[in-house]
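The chains carry the letters A, B, C, D, E and F, assigned in the order they are written, with residues numbered from 1 in each.
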Amino acid sequence: MPVITVEAGKMDRNKKALLVKELTQKASEILSIPEQAFVTLIKENDMDNIGTGGRLLSDKMAK
Amino acid sequence: MPVITVEAGKMDRNKKALLVKELTQKASEILSIPEQAFVTLIKENDMDNIGTGGRLLSDKMAK
Amino acid sequence: MPVITVEAGKMDRNKKALLVKELTQKASEILSIPEQAFVTLIKENDMDNIGTGGRLLSDKMAK
Amino acid sequence: MPVITVEAGKMDRNKKALLVKELTQKASEILSIPEQAFVTLIKENDMDNIGTGGRLLSDKMAK
Amino acid sequence: MPVITVEAGKMDRNKKALLVKELTQKASEILSIPEQAFVTLIKENDMDNIGTGGRLLSDKMAK
Amino acid sequence: MPVITVEAGKMDRNKKALLVKELTQKASEILSIPEQAFVTLIKENDMDNIGTGGRLLSDKMAK
């Protein structure tokens, strides 16, 4: 029943599959909870919807 | 002011209206907080962005 | 695999059990997803950590 | 490392930039944590995916 | 109905009241949504429960 | 700037350090984003505040 949420930018399907597989495996090992119990949510955010240090990521990238 | 968030897959507008109505009603009854105070957020996730047991839901469904 | 999160104030164990049971049941019916697939997280917040309309709930309650 | 998340409706890019800038600035001042350390996530929700008082916002707006 | 969540470390009550007041005010102005409609959640996390760059904040602070 | 959140039960400090280290490392590799950019939040939930399949985890464990 642990829930892992990853807030990131856009990514291709292959990276999603890898993230879900690898993060579940690692967390399952560390917490000694079977992989079957894990739920993973991948949240893809537009560069206009993420800010760091008070600026949009889309503006930082454009520099 | 309670906030109920539902992370699920895609759904039609009718199900959204039902979820918001019924979950608010039930939670309002149980917590004795007026329905007016509730906010509900429905998060629709692509099958490629949800993992269970270390695998994408889109892969599990395809089997 | 749907995840329902309830952000609210402090509550007793009985209300938690009811929330988990009733919200899962309702959402399961509406979405046609078996109850077994649902995870529910109940987040209890102190009145000092919730704000509505720009004021702490603890201040609003005190009035 | 603080993370500020804003769940709201759709908005234009200018409002996003302002939200990220102003909320980071204010929170940085209040918490005495440098602006560089802040991450901000802006979540735009469809009117059909937000409920208040047990009703969809899209229904409330239509009235 | 916008919901602003601030994930941060421990803070005193005065800072919570300021955060709720100032972030609501700013966001209300920018989004042209009345302050009354805003919910704010302040999440205080232990230094052992926050990581940056792959290390616990409690370890970084100790250096 | 990616944010990884792990919702789980109580755990000791060593497991937290491992989770933060290993999940950041894996996600950094997969997404090709430097580890420095990652924030991780570990949320420890009481067994009375987690539900699966409509029942509190504390009740399931007691069986």
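To be clear about the criterion, a residue touches a chain if its C-beta (ideal position, glycine included) is under 8 Å from a C-beta of that chain, and two chains touch if they have at least 3 such contacts.
As the structure is a prediction and not an experimental result, all values here were calculated from the model.
Chain pairs A-C and D-E differ in how many C-beta pairs they share in contact, with the greater number at D-E.
Comparing contact pairs by residue number, the interface of E-F is reproduced by C-E among C-E, D-F or B-E, since over half of the pairs coincide.
Chain centres here are Cα means. That of chain B falls 21 Å from that of chain F.
Counting only residues that touch two or more partner chains, chain C has 1, 3, 7, 19, 39, 41, 50, 52. Only residues 13, 16-17, 19-21, 24-25, 28, 35-44 of chain D touch chain A when the two sit together in their complex. Residues 7, 45, 48-56, 58-59 of chain E touch chain F in their complex. If you check the complex, the residues on chain C that touch chain B are 1-9, 11, 15, 18-19, 22-23, 26-27, 30-31, 33, 50, 52, 57. Within the complex, the chain B residues that touch chain E are 1, 3, 39, 41.
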